[in-house]
Each structure stands twice: as C-alpha cells, then as structure tokens.
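Same chain, two partners: chain A is paired with chain B first, then with chain C.
On to the complex of A and B.
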C-alpha cells in the first residue's frame, strides 16, 4: 500500500439510546484519511458529521464497524487508558464555541493546559507554548485574558492549545460556524498554514461551501451515510446530489451551472469567483467575434 | 451595566508586595494575623499601626481604596468600641452617670480593639487580595495544600474548579447582560415594582443562564478530555514558582515585626492606664 492512510473507517456505525429508544446516527460509513491531506466533511445539521469527528478521537465509541487509527485496529475493550490518551493527543480537536474550550484565565496558561496534562517538563512546555502561539500569530496576546479577545483570536488560541500537544491530525468541528467573516478568514488561513507549512492532516467539518472548496477532498454526509467523495470540483459539479443532502454548491458554481444549463458555454466545475469571471469574460469575447 | 462589576479586589502593580511569591504571601498573611493577636501593649499597637501603614504605602494601592475597604467594617468597629467602653471595669473612673460607668481602661480597650480589627483587615488585604492576582492565589493555594493529597484530599480538583470559575465569570456576566437585553426588548421590567416583583422578573433571566451554563460545562468537559485532561495525577506545570531573595527578605521583615511586638509587650509596654 503506497498511500499512508492514518484514519480508516469500515462500515462504521454509531447509535445512542434515549428512553429505551435506539437512534442510529451513522450507518456504515466508509472513509479513508491519508496523512498530510486536507479533507472537508460537509453535511447539513443532524447529518452526523460531528458524531463522526468524535469517533475519530474516541470521545464516542463506535457501535458497529471497524475503525483503524494510525495503522492499528481500535478495540475499545482492549484499549488501555494510556493508549486512549495517546490517540486523543495525536488526533486533536477544535470545537465550535471558542468560549467553551478555553480553560485558563490567561492565554499562555491555556495553551499550556494540554502539555501539562501529558506531564511534559516545564521548559519543554514553555517552548511548545511559545511555538504554538507564534504559529497562530497570537504571541503578543500571550498574557491577555481570553475574554478580552475577539472570536477569531479565541479560536486561534484554541488551535494553539491543540498544537501544543503536537498532534498528527487536527479535526475542526465547525470551528468557524460562530465567527464573523474576519474571524473565519483568520481561522481558515491558520488551517492552511498548518496543512502546508506544518504537514498536519486536517479534517474540516463545515457547512460553508467556500471553506470546503479549499480542501483536497470533500466528503458529503447525508442522514448518517456518505453520499459523495471526491475533489471539490467533482463533488460540487453534482448539484442535484448536493441539494438532496440539503446543501448548496458555492454560489459561483451554482451560477456557472445555471448559465451552462441555459446554453452558455461555461465550465460547470468552477469554484472561485476569479475563475467564474474569467469564464464569463471569455464568453463575451467569443460573442464579439 | 453588569460589566462595571470589578472582580476580586486585585489591583495590578509592580511593587515589592506584588512581586513576592504568592505562597510566601499566604504564609506571611497568616503570620501577620498571629502578630495582630500577639499585640498586648500600647507600644505594640503603635508598631502594628506603623507597620500596616507602611505596607499600604509600599503596595502602591491608593489610600482611598483601602479606606473604602474598611467601610463595611465600620458598624462592627463601632459596636465593639461601644461595648468595650460600657462594660469594661477598671480603676480609673472617668464618668459616672445613672447606671453608666466609663473607665479609662474601657476607652483604651475600645481604641485597641478597633485598631486590631482595622489592621487585621487592611493588613491581610494589602498582603494578599489587593496585590495577588486570583490566578496566582489559586495556584499558590494548590501548591501549599498539595501535601494534603497524601490524605486523599482532592487539592488539584478544587484548584481546577476555582480556575474554571474565574475563567467563566466574565463570560457568564456577558451572557447575563445579553439575556437581560433580550428580555427587556420583550417588555421585561427589572427596575420598577416591589421587591418580590423585581425578583420574579429575574427568573426568566436565570433559567436560560443556567441552561446555557450547563451546556457550556458539558462542552468544556469534552474539550478538556480531548486535551488529555485526566485529573491531577502525573500533571506538570509550565510555570514553576521560584523563591527569590526578596521572598526571604519579606520573611525576615515579618519575623522582625513579630519579634518587635513580643519585645515591646515585655520590656516597653508604655502602659498609660
């Protein structure tokens, strides 16, 4: 096997019981995540995307199917506490609400929380905290209190807190959903930096198409099943499929497809506004001739 | 409006008192309390007052702030003073009217008790609360109490809870503000009406606040688990507290102060009644 698959799910299911009623949230999900890639998981509310993420670092345990992490098949019963926390360390997770994941009253203390839990030596914690804060561009706020920061800044601190654990995979569970456009941009830029400069494997759970368009691969979840996997171009060109999953392609893609349907000669898989503008101006050029 | 509440009484600064190790300061505060109760002579009270005033001056905390801190105690001070004046019996009768006999000893006792109460409050707050940030205080308490872990007392867990409480106070205040605005915009009235009406108006604020606090707690617990938190066992800390020369100096000063009081009690009481 040439590919380096670090997370693999085979027929993964998850169900929970409430008042004696069993509800299955995920039905037999197959997914492969390769090392160093950027995967976006798309789905509307209640599609099971957050549940899937929580299975990947074993906050939740699968009720059926196989889960392979870092080349090892996970068997919850045989897993020791140390192994469990080692997996949590290697698969970091950033959540939606920036306020509800910061523990300490000082930014750098919060970033230190993870390595402190691991029992890392104080000098080494200091180094990791400084590195992590520098990476997310929050060094100047090291001594600030979290409530003095904006949403995007808080979320960057949360990312630094995960980075200090030096994980291999970072899962962003709708980490941009509560942010304003500026904050969202800050977080997405940080994610790209982690992926390209630091070689981290990224799993981004989102319902913003524009963010998913930046990924290498898009996985669409609908009612607990994977309905599409592919590059953003491949997935977004299947508009009907997206609509049936309760999603919409990026606006520019929808526009280009509407134009194409109306008989204009434009590509159907354009993801960015610049590409769209080029295609349309080319169209005008053709008409002049 | 809720934003104006100052939390704790910490006044940031860079005085020697601010820089002293928080663990040392807790111990010094205890020593100071002991010293206050050791004072038995007028000369001792002079030394105590002088020492306490010096502490205030060194700390750089505004005198106005310190006086404001005494305000809630005024009733107790006056009450003790009056009791002392009226009920102390001695040899030097000053005033005798109807059933009231006021002795010089009573007046002296009243003065000393008032001094004792006021210095107790001013001294401990200047040494501890005014000059130590809540987080440093929590940290110091955890470290000082850590030997109790042998007795299976969850010292780390208590400190963690305190830290999280401190972390979420501003967040929850902000949220209360938001909910109050939302309820006001729907016609809720928090300012007028009888007391019980105003209390009742707060119920629709408290319920969403509690629901949200529980949701936050749940989120935070998952986030902490994801960051490998598993209690205090095997945990290290980034900041190690180091004892400096100035901490030793502070201890020496406090020891000299206590010794001074003991010596004055014994050899130079300056008793005037």
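On to the complex of A and C.
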C-alpha cells in the first residue's frame, strides 16, 4: 500500500530581506510526513525549525521549492482566503509561551474562541469544547481562570483550543520549553494520546532528546538543512552528527559509545536505562568466564 | 566564610487572609563563599521565594537572613545596599530589557549605584566580556538581538553591579543545549575569575551535576537535601521520591547496583560512569 503522505516538502527554501541583505533560513529541505505519525524536529536555536513550522501552516510563503499538503500542491497565489483559512484550521499550532496563547478569562471560553470565530453552531461548540477539554484532561478546570493554572495545564488548555478546530495535523513549536519537568510530562502524554487514540499527525519541535525519543521519526535540522532523518535509535546513535548540530545524545547512548570505543562489546544505539543495564550486565557475565 | 546564612527562615504569602500559603518553612542553611550552589525543586517548592529572601526583595515572616555576616533586616532603610550586593537575575530576564542600546541597558544598574562615568563604562565592558557580548554589539538595540543574546545582556546588567552574590533563577530555561552550555559555562568562568558566590535555580539535574559545587533540594517549602552533587546523587531514591529526576547515568548505576553489581552510587556524568564500569569490569579496554 502506498504511504499516506500528509505533508511533503520538496526543496523547500525560505529567505528574507532586511536592509537590502538577504538571509536564507532554510535551504532546499525535503521532508515527508506520513498521516497519523509523530515526528520530532530537533535543531539548535536558529536552525530553521520554527520557520519550517510556519511554512507548513502557510504563515510564511516559501521562496523556492514545493509544499504539498493533503495531497495538493500549494500555490498561495491561487488560494482563496477561505481555502487558506481552511488549511490553517487543518494544521494547528501550539506555541512556546503558555501565557501568550490564552485570550479569555475562563478556560472553556478560551477553548471556544476558535470555533466561535468559524461560526460553528452553539450546541456544536459546546460539544467540541467538552470533548477537547476531556481529551487533554482539563474538564474539571473548565470554569477556572487560566491565570490560576500551572504552565503544563495552560499548555493543555491551548492544545484543547486547537483541538476544538478539529485539525488533522498539530505542530508543537517548542511547546514544552518553558515548562517544568512535570508540565513537560503532561504535554508529552497528551501528545501521545492524540497520536495513538485520536489518529492526529504530530510534529513536535523541541531540543529535549528524551521527548524526541518517544517519536516515530526524528528529523535533525542544522543551519537550515536536514542533516539526519530516521527512527530515534538511528539518529541518536550518530552522536558526532548531533554534536555538530549543537545537540546532545541521551547520556546512556554516549556512555555506550564510550564503552564501545574503549573496546567493550556493547551496542552503540541504546537510548534508555533498561537497555543500558541489560547490555552492561551482559558485559559482566562475559567477564566472569 | 559564609556568603549567606538563613536561620530558621519561613515565608507565608497573604498572611492572615483566606489565601494564606506557606512558601518556605523553617529553612536553616549556609551558602558558602566562592561556591556555586544549585537550588532545585518543583514549581511551588519555594526555590524562588528563598532566593528573593536572600537579596532582601521580600522579608521573611519568621527567622533571620544574614549576608556576609550581617543581618540584612537590622536596618530596613539600608535594604537597597543589600540588593546591590546580592544580584538577582529573574526568570526570562530578556523580557525586562528596555533601554535603547545594549550599553545603556547594562549600565542601568551601575548608574543607580551612582558610580562615576568612567567606572560605569569600565563595568559595562567587563560585564559584556563575561557574558560574551562583543563590543560592536553594545550600540545596537537590545531588541534586534537573538533570544540567547538578549538573555546574556540581561545577565550582564546584574553582573555590572559587581554583586558579592549572584543569584540566577533558571538562567538556561528555554535555551537549546548549545545555548545552555554557553550561558552556564560563562557563569562558571565568571565565578572562577571574580571569586563571587553564585546561586543558581534550575529544573535540570544534569546541569546541576555539571556546574554546581553544592545542591539544595527544596520540597514543599523545606530544605529536603543539601550537599555536594555526589552526596545528593548517592541518595538518588530520595531525590526521586519527591518527584525530581536524577541524571540518566545515575539511574543506570542505581539499577545495576540493584542487580547486585558493586558500583559507586554517586556517579552523574558520562565520563565517570564509563570509568566506574571499566574499573568494576577489572580492566582497561578489550576485556579478556
């Protein structure tokens, strides 16, 4: 069966001009995102991650290359306003700062903001708001004021606001960067639920390796180019490539490679504590003989 | 020598109202001079309240705060002097830049200290050098800089006051690994070069392990653990019991110990873990 590609970038570039100086942020990026998958995009600050996200939901227009969304080649000059808004509805975005995304004084009103603007009927809005809040586990806070919530809870409300628009794709642009470890966990658990239970296509832009480790695929961006694509295991075992992209591999992976470099027989692509403990305990076993 | 001492300090927000909340309760610790002390804990554990008490921004509800041997609330009218000696860099300080040029922004603190012009200029250059802001950037608008650069300018503004104690609330939050290491290693160089005392609040145990001489773990307003990184991480299960993570390699060593292998529990960097495992395997390379 053919792959169901929901987003495809072919040689996508983006540059902007300022004071007569041209700066290219993305150079000929090729990416395929399959429907219903969870892709993590890793890269240092300024690598072009957020620019890529903004191209995907048509906030920015590429300077070269092709963008295909939902099986159609996008030509922004030919899109009507309605078609443009429809694509933005289908490709939702959640941003970094939880405080900048909530507009209403009551949680459920905030979630209703999007569908209200689309002219959705009131009873349908009610249903969508209830469903969205239930999905992110915030039902009991429906009538709370957003400013009393923790960072993680605010982000979940922001996610509910996007869900109420029934998007196919949700892009998280460093949505965990400003949260504490508990808040990050809450958001990642919500993301996994959306991917596995709701069939949403997820793109997570992050620089936390342990978050990317939970994705189906990892894309590494460095200075505007894709430098690696693969499963977390495939990408994280390339520690040198990660370092040159300003990133770090998980500690366990680095440890396994240090042991392997010292001549010990351990796999170089282990990402987690359990796998590491097994490999090392095997070493001790071999040593006794 | 102690840089700061907290004697049985508590802080209660909105005291005697229905919203009363104890943020810090009975904390009794000494912050040593010339060290980097890390403070870690959940949101709401009292870390930020604690740091604001050290610089006299808020007054403890109970207990006493000593900075360089002096009770800071003995003369409440002179509390401003304490704030010059204990520099506090807030979370996301880049949102607090407001001047027209980077130079003016860094100079804001020293100006308030009523220093003369030459001294202010000297301090601005010095502070900019510490945080790695090149001189040709000083006349630009802070709003044209990248996020990481803005943060460094904001930190320079506090460093320029030459505080005896520099407190940073989550200095690396939201930065990528490269930006994080850049800022933290610059802070650690600043400490080495000037002999200042640094207090750093963070959520990242990995960063704490790498950059701090001592770590204070806060939990529900109390000082839960206090010691060197190896002391703290040899109590990995205690740290985890209050819901904080320990570095991945520390967890690995713990797990191997639970499986019966004789390994040190106080390992928290990749290099030390590799060395310790190789030692336990009884060899240097190519086990045979």
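Assume the second predicted complex is superposed on the first by the 288 of 289 C-alpha atoms of A that agree within 3 Å, B and C clash if a C-alpha of one lies under 4 Å from a C-alpha of the other, contacts with A are read in each partner's own complex, and residues count from 1 in each chain.
Note that a contact is a pair of C-beta atoms (placed from the backbone, for glycine too) under 8 Å apart; a residue touches a chain by one contact, two chains touch by 3 or more.
This one's a predicted model, so the numbers in the text were calculated from it and none came from an experiment.
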Partner chain(s) touched by A:181 [first = chain B, second = chain C, both, neither]: second
Partner chain(s) touched by A:122 [first = chain B, second = chain C, both, neither]: first
Which of chain B and chain C A:131 touches, first, second, both or neither: neither
Which superposed partner A:150 touches (first chain B, second chain C, both, neither): second
Partner chain(s) touched by A:57 [first = chain B, second = chain C, both, neither]: first
Chain A - residues contacting chain C, complex: 43-46, 96, 150-151, 174, 177-178, 180-183, 207, 246-248, 250-252, 254-255, 258-259, 262-265, 273-274, 276-277, 280-281, 283-284, 286-287
Complex interface listing, chain B residues touching chain A: 134-135, 163-164, 166-167, 170-171, 174, 215-216, 219-220, 222-230, 234-240
Of all residues in chain A, those that touch chain B in their complex: 54, 57, 59, 81, 85, 88-89, 92-93, 95, 97, 99-106, 108-109, 112-122, 125-126, 129, 145-147, 161-162, 165
Chain C residues touching chain A - in the complex, by the definition given at the top: 42-43, 92, 146-148, 173-179, 203, 206, 243-245, 247-249, 251-252, 255-256, 259, 261, 270-271, 273-274, 277-278, 280-287
